[in-house]
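Below you'll find the structures, each written out as structure tokens.
Paired with chain B in one complex and with chain C in the other, chain A is shared by the two complexes that follow.
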Partner chain A sequence: MEDKRIFSDICGGRLALQCRSYSPFCREFCVSCPRLSLRSLTAVTCTVWLAAYGLFALCENSMILSAAIFITLLGLLGYLHFVKIDQETLLIIDSLGIQMTSSYASGKENTTFIEMGKVKDIVINEAIYMQKVIYYLCILLKDPLEPHNISQVVPVFQSAKPRLDCLIEVYKSCQEVLAHQKATSTRP
Partner chain B sequence: MDSQGPPASTIKSKAGSPQPVASRCIHQDCLSHVGWPQDCQPSCSSRSSCSESTSFLPSRVTGMVLKAFFPTCCTSADSGLLVGRWVPEQSSAVVLAVVHFPFIPIQVKELLAQVQQASRVSLAVLGTWCHRQQESEESLGHFLEGLGAIFSHEPWLQLCRERGSKFWSCKATHQQRPGTPGVSSEDHVMLIFYDQRKVLLSHLHSPTVLPDCQAGDATASAEGLAAIFDTVSRSEVLFCKNQFDEGPVRLSHWQSEGVEASILVELAKQASGPVCLLVACLLSLVSASGSCRLWKLWPLPFIASKLSTCEQLRHRLEHLTLVFSTQKAQSPAQLMRKANMLVSMLLDVALGLTLLSWLHSSNRIGQLANALIPMADHVAEELQHLLQWLMGAPAGLKMNRALDQVLGRFFLYHIHLWISYIHLMSPFIERILWHVGLSACLGLTVALSILSDILALLTFHIYCFYVYGARPKHSPYSAHVCRLYCLKICGLSSLWRLFRGKKWNVLRQRVDSCSYDLDQLFIGTLLFTILVFLLPTTALYYLVFTLLRLLVVTVQGLIHLLVDLINSLPLYSLGLRLCRPYRLAAGVKFHVLEHEAGRPLRLLMQINPLPYSSVVHTYRLPSSGCHPKHSWGSLCRKLFFGELIYPWKQRGDKQD
Partner chain C sequence: MAYRGGGGHVKPPSALCSSVNSGKFSTCTALSHNICMVSDFFYPNMGGVESHIYQLSQCLIQRGHKVIIVTHAYRDRKGIRYLTNGLKVYYLPLKVMYNQSTATTLFHSLPLLRYIFVRERVTIVHSHSSFSSMAHDALFHAKTMGLHTVFTDHSLFGFADVSSVLTNKLLTVSLCDTNHIICVSYTSKENTVLRAALKPEIVSVIPNAVDPTDFTPDPFRRHDSITIVVVSRLVYRKGTDLLCGIIPELCQKYQNLNFIIGGEGPKRIILEEVRERYQLHDRVRLLGALEHKDVRDVLVQGHIFLNTSLTEAFCMAIVEAASCGLQVVSTKVGGIPEVLPESLIVLCEPSVKSLCEGLEKAIFQLKSGTLPTPENIHNIVKTFYTWKNVARRTEKVYELVLKEDVLSVDKRLDRLISHCGSVTGHIFALLAVLNYLFLIVLRWITPDSVIDVAIDATGPRGAWTHHCPHSEKRGENEKVSKTR
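What follows is the complex of A and B.
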């Protein structure tokens, strides 16, 4: 069962949230960030090359031009592979765990899996970020030695940064799954 | 094909005995551990308050989804029995192999008991696997259900697959208490496919898994994912039988097509025994000769502690001893360590031999030797110019003429001595360099350490100036060398305290007020004034020579950093991460496979490899301590107060 809706992130950019429910206890939330725009790419490339040409005009050394091309290419590859995140996915499976995947523009995927035994709860936290007050969804992890304490807070959708309305949707859905999980785990 | 079993109750108890499944009464407060349901009735006290009156189950979490871990190699296997481990705490069934028809139940149970004894993993028959090749195999289904009576297991898993279909049907049934009417309850089942070979070979690096968890632990762990990995890796004994064996039981698992092995690996294993023995003997001879009494005569230990070459050689000897020791590695971590040391030593020797061949080609050594003397002369000349400049009016500052001349002449004399020493050595330089170049076959690190030591020896005069100008706390030099700057600073600080009427309390380690006599105050103030006016001169000399010394220390530090890098980088682990990423697992990742409503959920479990930074951090070899340990703050502090800066941390030196 799939569901796709448009939201916005904290800076006003456009985000798409896709919720998939594979079964009553397995749900997936996929937040897609806006892609790399041709306009910004052209702007950056032109700036770099103009600067290189200006230096070349001063120094009369053609190595500067080839170095500029090299730097632009490497910079673009590095940006696509290490910085630009296209999609962030949260997969929650009852009695197994929670998996967070970030896929980069170059196709690389970074996955983290947290076992359900370590998860205490999923909450929406408030934070002061520069001059803004933003909301973010995070997973609270239990301390293995003291189950009532929280040992770690893992934020979700860190680079997409959706707004509260999108987070509430995800939160409600996750709480349904977690409620079932808590009900089964407290019984002996 | 199989004998009619004895009455049900006997079989159940027989099936119960090899499997240590702890059954607990589900009544909330009753803590009695029982072997079979009926035993609980008389002793259970809270039975009256308990609402659960129907099913009595062995300990598992009720309502939890049942997870069946199924190996991908068995998805196309013929129908048979599922054999594996049941983890009740997480309600997961780890299927290890499929037993095919025909089989005799007694023999299957014997095999499981054997494997359980060898691997200490509680194996059991978990259920049945039905792979329908044609449409008309209805009887197979009924037959398989009958097997549930022979091998009773709670819950009984029934997996079924149509030929060519992607979607499976799974059922997990629980037996009700005998005497209670009603259907057996079913659980939701979630299928998780895993690659058996990769999970077997991988080593899970999780924060919950203790790093020094020995392979010979009592029982397999039951904590989360570590349980799965543990189960598969310990059950290696089960995978030794393949379909070409003549055994009574036919199994299907990742090795059932034939046991995989590599000829090279087997040959290496056979050869490693005698080779290790031989090399261990040689190394023990070398270390015995190294620890004989001759080397303890002074000043040899003192020189040896200063030279980084001896440190490096000792470090390498330790590594070699560890790698070629005749003891087998106890844990995977130790094995990785040995492998890392071996690979890093091989790389070291290879780089050293490359350097050697480069040096000895086209008479580079001769060129180097010829260039050395003029370079030393040039450096000495520059230093003399510098001192002449300082003795005049450097940068327009006015120096105290007398002190200036004394210091300047003192240092000029030193330079003269040093240059004479270099000229004395000049005929032997080429020979020395040739022999030093030969040491590169021991490794690049040794050659670099020798280079650093030669640099230290050649700039010995700057070191002397620096030492004369500073005050070392643990200086090995004797007290007749005057340590101007720090002496001045110490004197100034105590006289400044006197000026203000205070004193340093050594007992309490703090500044206390003190009433001085008039003559003490008078002398103190006079001396203070003199020292203050002489400060610029000494400070300038100190500054110049400290800068030179820092330059030399920086170069030496860089060389030591490179040596340390070669020593401690875990190359084998990095290579393993590059070529066989599943061997080093940070965790797992799940991928949801194609799903149809009404069918059980299917997931694919893949191994999430460890990131490169974690690999380096976890498997980093301990360094020999030859690297700079100063933080910027302590460096500045030492510079200001005139303490000596060593580019390396000496072994056995006390902390400041």
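What follows is the complex of A and C.
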């Protein structure tokens, strides 16, 4: 079962939320941002090159032009490999745990897995972020020594930052899974 | 201001509240406001302004309004917190400059404050305390955004020294286009009207209140000796120097007289000197800083409460003491004569001689047994100042304010230039224009429609006050975004 819906992020950009449910208690949520657009790529490259040509006209040293080529290339590679995240996935399986994957534009993937025994709850929280006050979804982890305390808060969809309506969608599905997990684990 | 609905009076929240939830709960009044309290001073900092904001907000929440509080971060306390009954507090990460007051540049707080005002659908911005620069910043931004503004002044000021002259000028600028001002006593009103060159009609007087259940007399009070209690910060303004003159004089005259002094401050050292010089260690007890919850236990140990303040807008301490059933002796300064009826207070001039006479009069009354019993005093005082009454009166001010129009930009500039003198007026008019341009830039970067509407914790659609299913809350959210 697959369901794709369009939401927006906190800056007004487009986001697509894909919900796949493999079984009632194994669900996957995938938030994907639009890929790097040709327009912004061109704009950045042009600015760097114009600046380089300006400097070249001033001091007439051709090193500047070659430096500009390297800066653009390395910058682009670095951006695609370390900064630009195309897709963030949250996979929740009631008997196993939660897996978060973020895939970079270059194809690199970063995966974190949290086993269900450690998960206390999934909540939507508010935070002050830059000059904004935003909602974010986070996973609360249990303190291994005292199970009633929270030892850590793990934010989900950190780079996409979807708006509240999208978060509520994910939150409700996750809560269904968690409720089922709690019901089965307490049963003798 | 598209989200404020037509004309600014009919707000989407109240309209929704009648359509979605009509008949479901009776507390939902037709006129419920979204109020934002702004001040640099809030808990965990302790003081009169802090408890005023907290108590007033709690009572307003009970009356069905939505209230949020905005203050600056206190050390590790930053972000968003919820207090009792879903009172939401924003601790903004702004730099503290001096005395818990944030630095003001008039601009740097606009992006965050605007975001909060928009996401919480604030209709009235209520700032507290003239010492708080964040309060003035918020007023400035709220006026730029076209919101209604109310300001509460908690303190008295002088006119003579350089710092007062400067503060008064800033206050003039800040208050000349504020919709309404609240003062805590008539003396304070007179002072504020003179300082800020205001029309007296837009200034209301709403006194502070005490929680009478916190301050009850102790039925098992000892009667073998007489104890005088002083609870104040030990600073110049509170008249600690006068206290140093009174203590030796009275201790010589009366053998069974004791002093209990609660509070901390730079003047503590001179009290200790006095105690040392006259060998009064067994009769003068210095307790140091007190927590608010301990104040009652200290008060009930005494028979007479002494207040030596040199300036005071509205003295909460004497009401608290009277509520505990103590006879109050106080200096006749500021708003103090308005606070209690003559039968419950002995007023003196702020001098050692006059205060000693007043105390002797009180001691004589106590010995001859002509004073009313502590229970009687408590029962009289507890009807005077209640937070419910304060909230009701503040609500009336809000209703009045919402009927007024917010000044448009050109009228605001006119007002600034005509009211604040030509130089200051022009400077601040320029700043107001810059602020407006900054707001337009911010609106262009993040339009209001991109800002998520916060889920209310309090007010008619509050998630804390009545538990509605999640889907309904979301539905309302969507409706709000449609009405925009």
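Methods note: the second predicted complex is superposed on the first by the 185 of 188 C-alpha atoms of A that agree within 3 Å, B and C clash if a C-alpha of one lies under 4 Å from a C-alpha of the other, contacts with A are read in each partner's own complex, and residues count from 1 in each chain.
One rule holds in what follows: contacts are C-beta pairs under 8 Å (C-beta built on N, C-alpha and C of every residue); 3 or more make two chains touch, one makes a residue touch a chain.
Quantities reported herein were computed from a predicted structural model and do not represent experimental measurements.
**Q** What is the contact status of A:Thr42 with respect to chain B (first) and chain C (second): first, second, both, or neither?
**A** neither
**Q** Check whether A:Lys132 is in contact with chain B, with chain C, with both or with neither, and answer first, second, both or neither.
**A** second
**Q** Could you figure out whether chain B or chain C reaches more residues of chain A?
**A** Answer, by number of touched residues of chain A: B.
**Q** Applying the touch criterion given at the start, work out whether A:Gln152 contacts chain B, chain C, both or neither, answering first, second, both or neither.
**A** neither
**Q** Name the contact category of A:Ser66: first (chain B only), second (chain C only), both, or neither.
**A** A:Ser66 sits against neither chain B nor chain C.
**Q** Look at A:Ala183 in the shared chain and tell me whether it touches chain B only, chain C only, both, or neither; answer first, second, both or neither.
**A** Touch status of A:Ala183: first partner only.
**Q** Write out the stretch or stretches of chain B touching chain A in their complex.
**A** Against chain A, the touching part of chain B is residues 24, 26, 28, 61-65, 67, 90-91, 188, 190, 192, 208, 223-225, 587-590, 592, 595, 601, 603, 608.
**Q** Of all residues in chain A, which touch chain B in the complex?
**A** 22-23, 25-26, 28, 91, 93-96, 99, 101, 111-113, 115, 117, 144, 183-185, 187-188
**Q** In their complex, what parts of chain A are in touch with chain C?
**A** Per the touch definition, chain A meets chain C at residues 8, 10-12, 126-128, 131-135, 163-165, 168, 172.
**Q** Please name which positions on chain C make contact with chain A in the complex.
**A** Of all residues in chain C, those touching chain A are 78-80, 90, 92-93, 111-112, 115-116, 119, 446-447, 450, 452-455, 470, 474, 477-478.
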